[in-house]
Structure formats: C-alpha cells, structure tokens
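A, B, C and D are the chain letters, set down in written order, and residue numbers restart from 1 in every chain.
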Amino acid sequence: MSKPLVSPVLAEFVAATAGRNMTRAAYVAVATGVGMMVLLTVDPAYQAAHHWVDAVLWACLSFFIFEWVVRLRHAFLADRGLAYAVSGRGLVDGVSAAAVPLALFLGADPQSGWLLGVFWMFKLVPGIPGLRQLRRVLVLESGPLLSVLVIFLMVLFLSSVAVHFLERDAQPVAFGSVPATLWWAVVTLTTVGYGDVVPVTPLGRVLAALVMICGLGVFGLWTGILATAFAAETRRDNFLKTWETVSKVPFFAALGPSAIADVTHMLRTMDLPSRTMIIRKGQAGDCMYFIADGEVEVDLPGKKVTLGAGAFFGEMALLGNNLRSANITTTRVSKLLVLDLVDFRMLMARHPDLAETIDVEAKRRALENK
Amino acid sequence: MSKPLVSPVLAEFVAATAGRNMTRAAYVAVATGVGMMVLLTVDPAYQAAHHWVDAVLWACLSFFIFEWVVRLRHAFLADRGLAYAVSGRGLVDGVSAAAVPLALFLGADPQSGWLLGVFWMFKLVPGIPGLRQLRRVLVLESGPLLSVLVIFLMVLFLSSVAVHFLERDAQPVAFGSVPATLWWAVVTLTTVGYGDVVPVTPLGRVLAALVMICGLGVFGLWTGILATAFAAETRRDNFLKTWETVSKVPFFAALGPSAIADVTHMLRTMDLPSRTMIIRKGQAGDCMYFIADGEVEVDLPGKKVTLGAGAFFGEMALLGNNLRSANITTTRVSKLLVLDLVDFRMLMARHPDLAETIDVEAKRRALENK
Amino acid sequence: MSKPLVSPVLAEFVAATAGRNMTRAAYVAVATGVGMMVLLTVDPAYQAAHHWVDAVLWACLSFFIFEWVVRLRHAFLADRGLAYAVSGRGLVDGVSAAAVPLALFLGADPQSGWLLGVFWMFKLVPGIPGLRQLRRVLVLESGPLLSVLVIFLMVLFLSSVAVHFLERDAQPVAFGSVPATLWWAVVTLTTVGYGDVVPVTPLGRVLAALVMICGLGVFGLWTGILATAFAAETRRDNFLKTWETVSKVPFFAALGPSAIADVTHMLRTMDLPSRTMIIRKGQAGDCMYFIADGEVEVDLPGKKVTLGAGAFFGEMALLGNNLRSANITTTRVSKLLVLDLVDFRMLMARHPDLAETIDVEAKRRALENK
Amino acid sequence: MSKPLVSPVLAEFVAATAGRNMTRAAYVAVATGVGMMVLLTVDPAYQAAHHWVDAVLWACLSFFIFEWVVRLRHAFLADRGLAYAVSGRGLVDGVSAAAVPLALFLGADPQSGWLLGVFWMFKLVPGIPGLRQLRRVLVLESGPLLSVLVIFLMVLFLSSVAVHFLERDAQPVAFGSVPATLWWAVVTLTTVGYGDVVPVTPLGRVLAALVMICGLGVFGLWTGILATAFAAETRRDNFLKTWETVSKVPFFAALGPSAIADVTHMLRTMDLPSRTMIIRKGQAGDCMYFIADGEVEVDLPGKKVTLGAGAFFGEMALLGNNLRSANITTTRVSKLLVLDLVDFRMLMARHPDLAETIDVEAKRRALENK
C-alpha cells in the first residue's frame, strides 16, 4: 500500500497507523499526553518537573502529527484524500495534530495552549464498544427526548421568572436577575442542589418544592425513554450478533429460517481467547455450549478428548446432573453459542427433534465414560 | 376567508396568523420578546440599553395583540368567536396580549410588569412534538402517579414532624417549626440536598438517612411507572403512524389484516426531504427500504435508475452482501418504510411469500447490474 | 345495627362512622387537626391565636375519640371487638384517639404532646388508591430489594471506614469517627450531597468519587427492580378490572374463554359520572367504546338517540372517518370499555367476526344518518 | 470427617464451621466485631470502656482465626487445602484472621489496626440472597455498562478541562488545576452537588448546566441498562425455581414439556414454614394454590380436612366466589405453587383440560360442604 521507508518494522507500523483502528502506540500516546497535560495544570510543585513534562508532551504531539500525515498520504494515494480530511475521523486527527501548535504559534501561553490536548481524547471514540448502540438509541428516540428537553427548558424558564419575582427583594444578589435565577433553576431541576443559592421566602420555597418534584418527573421520563429504547436495542444487537453464528452451525442450519429465528433468540455468543477454562469440574452448571468456531479439550479421567466446530458440550447439566464432570478448555481462539437452562426447556418444548439429538448424544457419552 | 386589507402579502400573513399553526414570525416574536424580558431584569449595565430594549418589547407585544385580534375576528366571522376565546389556545393568546398592558396600566413598575411576558412561552406548547404522547402517559397513569404523590406527601409530613421533634432544641431556627422542617424534608426527599439546613443530632441524622432512602424508593417508583407507560405509548404511536402507510403500499396491501398488523410491528416510517442521501456506497447496511410515497434515484455505474412509490431497495444488505453498492438519493419529499435486518429475518420466517418476492427481485437486479 | 341515639341524622352518621370507609367528616377532621398541629409549632406570632387553635385541636381529638368508641361498640356488638381492636385499622383509630391525651396526661408540654397528632394521618392510608398495588410490588420483589439494601449497607460501611482512615487527620471533627463518616456516606451514596461534610484530601476525594458512582449503580438497580415489578403489576391490575366487565358485555360474552382473555388485554375500563361528555363533535378520535353499564345519549342533528348497556359507539373513527360526528354524553353513572385504534387493528386481525359485526353496524348507522 | 476433639458439642460446632455456610456464631461474631470496631473509633468518651471493647474485639478475632484454622485443616484432610486457601472464600477467611494481628505486629496503632476488621464484613457476601442474580446482570451487561462508564469518564474529563479554562482566573484555588476540577465534575455529573466548589462566571455556569443535563442522561442510560437486564434475570430466576417444582406435581406432570414450560411461566413458588396460615376465612382471594410438597389443613365447620402433596385449594376464589370460605394452615414445612387469577384465566384459555379438572373438583367440594 505504501512502499517501505526505512525498515520493515517502520513500514509495518506506518501501515498499521494508516489502517482503520487505533494502534497500541496511539492508545499510549493519548493516555500519556492527556496525563502530562493534566500535570501541567497542577501547580508550581509540578512545574519543578517542567522540562521532562514538556518533552513528553512534544513527543506525543509529534506522534499525532505523524499519524495525521501518514493517514493523509495514504488517503491521497487511494484517491480519497479530501473525503478523509473532512470525515469525522480526519477532523479529529487534524485537530489533534494542529490545534496545540496553532494556539502556541498565535501566542497562547503554554498552560492554556496545551489544554487543547484534551481533543486527543476524541481519538478514543471509535474504540468505545457500545457507542454505535447508544447512538442508535439517541437517534431513534430523538423525538421524545427532544420533547422532554423542551419541557425541561420551559419549566426552567417559568420557574426562573417566578422565583425572581418572589425572591428578588429578599436576596437581590442571587435572585436579582433572570439569568441568575436560571442558574438556581437548573441546579434544582437536575437535583444537583449545590446550595450556593437557596430561596428563603415562604412562597419562594413552595415554588422551589414544586420545581424539585418536576425535576423528579423530568428525570423519570428521561430514564423511561432511554430504558425502553435500550431494551429494544440490546435485543436487536444480540439477535444480529448471534444470527450469523447460528446459521453456520450445522446442528441448527438444518432448521428452516423460521426455526432459526426462534432459536437465535435463545442463544448468546461468547468469544474466548485460547487456553481459557470454560467449565470447571465440580461446579454447578446451568447452560450448555455449541462450538461455532475453534476447538475445546475435555479433560476426562485418563484421556483428553478434542471437540471441534459443530460439536456441543455441557449438556449433562441440563439433563439432571447439575455438577460439571470434567474440565473443558479452549485450545485456540473460539466462538461459542451458549444455551441457558431456561431456554433449553423452551427448545425442548418447541423443537423436540433438536432436544432428542442432544439427549441421544448425552446418553452415548455417559455410557462411554462409565 | 378574510378580505384583502392592504396588500396581498399582508393578506397572506393575516391568513397564516389566523390559521392553526404558529407562523415563523410568531416564533421570532416569542424568542425575541422573552430574551428582551430577561435582559430587562439584569441590572443597571443593561439599563443603559433601556430605550431599544423597551422598543423591541413593545414591538413584540404589538405583534401578539395583532395576532389575537386577527384570530378573534377570524373566529367571529366563522361564528365560533366565543369558543375560541375560552379555548386553551384563545386564553393563551388573550393573556399574551393583555397581561402586560393591564399590569402596567394598574401601576406595576416596568420591571415587574414585563415579567408577565413569560406567558408568551405558552404559545410554544402546541408545537412541542411529543407532548400529546406525554399527556396520554400522564392521564393513563394518573392513578399510580397520584398514589406515589400521596405517599411522597405522607413521608414528607411524618418526617417533618419527627425531625422537628428531634432537632428543635439543637437548631431552633432551622427546625423550630413544622413548616420550616417541611422545607428540609422536601429538599432531602427529592435528593436535591442544598445543605442549607442539615440535622446535627445523632437521632436526627438516622432519621434523615431513612428519609433519603425513602427518597430513592419514591424516585424508583415514579421512574418505573413513567418508564412502563412510556414504553407502551411509544409502541402505540409507532404502530399508528406506520399502519396507515403500510396499508397503502401495494407490496403489503395484498396481505390480510392480520398479516398487516404483524408486518406493521416490524416497520418504521421515515419522512425525508428532497435530495437527501439515504444510502451511501461502501457503507455497511443493516436495513432495507420500501417507498410509500415519493421517489428515489439509484446512482448505478453508468446509469441512473429511478424508483417510485411501491418499490423497495437496499435488500442486498439483508441477503448476504453487507456493503451498499450504490448511492441512493431522494428526488422529492418522500416517505419510506424501514425494515431492519432483525425484522427481515422475522418476516422471512413468518411470511415466506413476501421474502421470496424480495429474493427474486434482488436476484434479477444482481443479474442486471453484473 | 345500632339503635337510634338522639335523632335519625345522628344515627345515620354513627352508622357511617361505624362502616369501613372514611366519612367526609373524618377527612375534614384529619386535615384540620394536622393543619392546626402545624400552626401550633410555628412561633409566638401564631401563639397569639392560641385559644382558637387549641379549641379546634380539642374538637378534632374529640371526633377521633368518638369515632373510635363508635367503632369499638359496633365491633363488640358484632362479636369481633378484639379482632377490630388489634387490627391495623383499630390500632390506628386507638392511637389517634389516645396518644395525645395520654402524652398530655403524662406531663408532656402541649407543643410536644400535640405533635402525636401526626398519627391521625395514618387514617388516610386505606384511602390511597394504588396502595394495594404498591404493596404487592414490594412484597413480590422483597428478595431483590433486600439484596440491594444489603449491598447498599455494605458499601456504606466499607466506604465509611475507608474515608475515616483517609480523612481523620485532615478533618478530625467531621471524619474523626466511623458513625460520623457513616453520615457522610449515606448523604453521598443517595446523591443528596448536602455538602456539610466534604472530603478534602486527594485520596479521600478519589474514594468519594467511587462512592458516588456506586450510588448511581444502587439507584439504577433499585429503579430497575421497581420498574419491572410495577409494569407487571399494572398489567395484572388492568386485566383483573377489565375481565369482569368484558365477560358481562353480550358482544364479547359469546366468545370462548381463550378469546375473552385475548380481548381483555386490548380493552381498558372507564368509570364515568352522569352527564359527562365522552365524545365532542369535530374532535379527532382514536378509540371506540362499549357500554358495559349505564346509558349514553347521542346528539344527532334533529334527534337524540339513547344507547344502553351492550351497545357500542365511536367506531366510525376507527373505520376511516377521523373526526367525531356527534356529541355523546352519559345520562347516568356508566362503565365503558375503551378499544384503542391500535387494538382495534389487532381485533380485526384476530377476531374477524367481531370486526364484521362492528363494520355492519357502522354501515347501518351511516345509512340511517345520511 | 474430623475426629472428636473435646466433646460432641464442640465436634458438631467444628463440623458446622468447616461446612459451607455461615454458622450463627459467625454472624454474631461479625456483627459484634464490626460494632466494637466502630465504637473504638468514636472518641475519648468511649475510650473509658476501653478494656471490655478490647476484650470483645480479641474474642471475635480469635473466633475468626479458629474458623480459618478449622476450615484449612478440613480442606487439607480432604486434599484440597491449596484450592481453599486461594479461593475467594479462603482469602476472605485468611484476611479476616490475619490482617489485624499483622497490622498490630507491624506497629500500627490500635485505632488504625482494628479498622482492618471491616474485612470481616466480606464473610457476609455469600449469604446475600440475590447476589448471584445481580452478578449475572453485571456480567451479561458488562459491555453496555462499560460504554456508559467510558462516556461518563470522557464527559468528566472534557468538562474538567473546559471549566478549568473558564474558571481558573475567578477561582484560582478551587479550579486552578485539572485534578481539582475533576472533583467538581464528578460531584456535579453524579448529581450529588456538595456545593463546596461552584462555578461563578457566566460561561462556567452555562457549561455546568450542560454537565448536569449530561449527568441526567448518564443516569438514565445506566438505569435503563440495569432495569432491562434485571427484568430478564428475574423472569429467568423465577422460571428455574418454579420449573423443578412444577414437573414434580402430578397435576401438571401429565402435560408435555411444551405445556409445562407454558404453565411454569404462570406459577410462582412459595416456601412456607410449619403452622402458617395461608388463607384466612372471609378475606378476598385472588389466587389458588397447588401443594408441591408438605401438607395443609382446611378448617371446615365441624371437621378438619388434610390435603397433601399434589392437591390444590383456594380455587373457589377464581370461580366466582371472591371471599375465602375457610382457614387453611400448613401442618409442616411446605412448598406451594401459586396461580394468580390473571394466569388462571390464561390457563383456562390455553389448557381447557386442566381448567376442567379444577372445575369438577371445585363442584364436588362445594356439594360436599353444603
């Protein structure tokens, strides 16, 4: 993609930098840079360490500039330079690289200029796992959320004017103007309650009590909307993740699409690294596993059995024997489908053929291991 | 409806004012008027700008008076003058127009009189999008919400009397009477916690801790009720909005009412302005679209295809190929129905004939575009 | 049950008092008594009104004593005197009647003694509408709620000890003992945050931040449990209330029990007093009504039609014509079943015979009123 | 398992200590020890009681050391000494026994050393009833919860830097460094709002208002996630608990697995001690009971009838007669299945044969008791 510059290691690093995901170096640079930026603000005591703090900050900045340049070059080579430059990610990269030098160049003092390093944190955004899900919730529920916000603002404004009218004589400084009472209203409505500005007249306090109760109501509506939307989104996400996996497991693939959709609702995917113990002998079990991808090793007395993609295990826990009878460990990166005891009952009820297959296999194994 | 007064532009404006919805001028007047009213309260510094602030306020007020008069006249011409005058909207218009002049006429000083301009904000109420929905939630759940309110009031009262008994000797001013301790109780129960009045005796603090925990409980109940009701209301609203659209799309209209009800639960309507990009080439897709109304343009390599009402697109993303293969843009105001990947699986399972129609069309298109 | 004492009016009043429900006089007495008790605590200014405040309090107290005596006598006549005396209601009546005199007799000063009048409020408990529902939620979810409480207490305790260790040198008064820090912890964990006691050392603040985040978590769990349970309880309550009514309406009674259970989920009961307008001409409608009990009057142009129990109305709004075409008013206390537009679609889909009956009747009416 | 040491009582006690569950003595020791530890921190007034406080603390400590030694010995005899020592429970036992002596030995003053006694509280963890359920919620929802936490941290950091920039000139002490403003941000975002540090500049307050509103949002998301997950977990838990019981009751066992799964969702288990009144004559009833295990006594006029495992009672309340007609009491520890009125309707609709069996039995009983 980009020809070797100095050495293969550097070339590889440049290629990784040009790619979509954060490199580990980038995570380190963000953490270090932001940490140093915080240090810089602290006080003379830390100013003693002035020189190396500065040095580290410049190093981090250089890295972000390097990152931006490599990505710009890569994008231009692929004929989508402008697209990258104005995309969200390109803008974050650009601001991360250019904001601090620009500020310093324009004469900002270092303590203010380096504060712009906080924009480096936005580089972490694409790496937040559930962000896509949260964004979908906010987009889909933007209507109701906006109404609650408008109601919030109206209550805020009305109560500010009212409390200004009621309290301005008693407390001319704190309640003497509507902008000042807006501050009180927002602190009260959100139930933060700093207590720096508090009504003292009886009528002002009655009004404040009503505002607080409205605050609870707004809170409740907000939570209700988000809770509802989140529940739906979680179900959707889990279905999508599991569906792909389910339809690749031969055990389920024979079912029609209707049954697959049904079974998908009962399963949960689990991604495991190599050499992870899934089942520990002697523990109580309440689920069974299907191997969608990878391999596990069953540590039976006197022998080790290997199960590959398509096999299942742990079914004994669902068929009467609650304690696990062997250690089971992954031998490489594996993707499993987990079937919970509750859902196994449902499966038995709605897809008796699947249940029978599991039952027969379980009996065969029990005989074999006797 | 109303004969031309001075010029066609004015006539049109009067007609718009007489209509049901807020004109843009009204939005501007409300925002400006309220802003100036806030400015008026600030302090001598702003009093410097006294003259033009006053001028703008009087202009806004004139507009609201004009609006009221036009609407009254319009309503009387249509023989429902009284009905309008006593309706919610008529009262808001009337108060907006008359409150400030009346107050000033009755001798209120300007800083107090203009505060009544806050009633102008109520003109915005009919424009809040989810308000109808919120009102339904509050009406339907008024029973449980009221019980929680009564419980809240009882806890408030009992804890006020108890803390008065426990703290009155230690803090005769703040806890010396039940009305004073009611203030403390409401600040604590709503978890606002200003900290202006705080119990200091050990028993008073134990009581306060119990009150705080009750506060969490009240909060939880309140939220629970609102969340539950909101979830139901959202589903209902979405169903109503989508149903009308679904039954007009020929693709679905052939289904019986039972199946339409079922399909409606899976779809979501989307209103789009003209020239909006719906699908961007190369992005990952997880839904398909049915055109209920309007038209879209598919930007295929070398040709542009236009799809009208009744057509669907984006189905490839649901049939294995996750990346969108062409830009698709609306050519005029359009109403689309969105079918999510998860729901497409359900549709496939429960209405295989629909799924097949989509499948066949997808294959035809794939061949054509090869 | 009790022979006339002085006059028929008094006899009737005694009978009402002996009955299960609060008489109006009792509501007045509770409100007045508690109000006077609050007045009593206020301060010398109100002590001016000493004599009549005292008089009113003694009057209320006499009423409660009278109430208790009448009920005791009534219960003993019915041979369940002891059962009443030790029942929740009997105890509340007894304490309401005896607590204040006993306290005054034992030498409490009036300002303290009358505070016991707050127990009068418990007489309101049986009248709170949703209380039974709330109690069921608390009983059924007592397990999870208790766990959250235990976790809350453990976090409280652990953080108190830790913050005592970290802050005791910096703030020996506020954080010098674990009971003192428990106060801080409960104020922080419940997110009340008075601010009277605040950690100042860096480590103490880090700990405090963790405690606050735990507080959000506890809050969330609490709300989650209550919300879930409340949703289930609301559905149950509505089903129970509606079922009885549905099975008495001939229109639905012909259906089998399975279909009735199904239909019950779609309906909502509505109790209306006499002469209440249900439908207003010209408004948008989104539901239809079945008369379970009572009578309504349809105000058609030129004639008035009366519909009795078993009839339905408002169906046109669900069959295409969104605006109501006539005023409809109850002529006496009525119980209606409301069928929402959304649920009407479901009904149409799942019980086409019912839908057809409605459709036929709607067409007949439309013809008739042409 | 362990040979008698001194006497049978001691041997039994040692055996109980070695077992999995907390003995009553352990609960007493934890409560007493922690209580004394709290006393120790209070102040000179309590130091008067120095000697016996110390004595009790040493006694508790001895008990925990004894417990640890007994369990270690027991575990080594069973050849799993190391497994116990490094298990969660073993570590808690070890730390409970060793932390305080070690601290005192290393020269900590008693007031600090004994604070480590707070670790004794962790011995209570396995006894918290719903903990397993809560842990499952946290594990299953760790993804979304983590995203919310990351978002929380990003908002925290960005707002800290911004408020530092805006307020550092006005309040150099409280907002002079980013760590100091982080304290403000966390206090504000969690809506605790101590009020010890409050922005005073107009821009700082606008920013603070945004942070507060974000705080509500974070709160809402958090609650939404936990509420959703908790609802699912509660359903699962109830199903698991009930399933085992249902499949053992002959009345239900005849049904196929599909129907059992269906019925299980309608029932709730109830564990009752001996001699508990389940139904009180004359009360309103809204559920019926199936005896899964144990025995109840029906107190009919003139005779007592005993019902054993497999029988049902209370069905009259669901068949028209709302008031219970007899007292029913358990005669020994019993496990009942409760069928609610709502679910009885469902059962009638979906499993008419079961409903008929109940109906026939109810009629037989009604005849018999006439």
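Rule of thumb we're sticking to: a residue touches a chain if its C-beta (ideal position, glycine included) is under 8 Å from a C-beta of that chain, and two chains touch if they have at least 3 such contacts.
According to UniProt, the chain labels map to these proteins: A, B, C, D = Cyclic nucleotide-gated ion channel/potassium channel family protein.
Predicted model only: the values in this text are computed from it and were never measured.
Annotation of subunit A and subunit B: jointly contacted by C, D, touch as defined at the top. A turn of 90° superposes the CA atoms of subunit B on those of subunit C, with the angle given to the nearest 5.
Counting C-beta pairs in contact, the pair that comes out ahead of the other among A-D and B-D is A-D.
With respect to subunit A, maximal separation of chain centres occurs for C (centres as means of Cα atoms). In this assembly, the C-alpha centroid of subunit A lies 28 Å from the C-alpha centroid of subunit D.
Here the CA centre of subunit B is 39 Å from the CA centre of subunit D. Across the assembly, subunit C contributes residues 179, 191-195, 219, 223-225, 227-228, 231 that each touch 2 or more other chains.
Residues 143-144, 146-148, 150-151, 154, 157-158, 161-162, 164-165, 176-179, 188, 191-195, 198, 202, 205, 208-209, 212-213, 215-217, 219-221, 223-225, 227-228, 231, 236, 239-240, 243, 256-262, 264 of subunit A are the ones that touch subunit B when the two sit in their complex. Of all residues in subunit A, only 191-195, 223-224, 227 touch subunit C in the complex they form. Remark: subunit A residues 34, 37-38, 41-43, 112, 115, 118, 121, 124-125, 128-131, 133-134, 152, 179, 183, 186-187, 190-196, 218-219, 222-223, 225-231, 234, 286, 340-342, 345-346, 348-350, 352, 355 touch subunit D in the complex.
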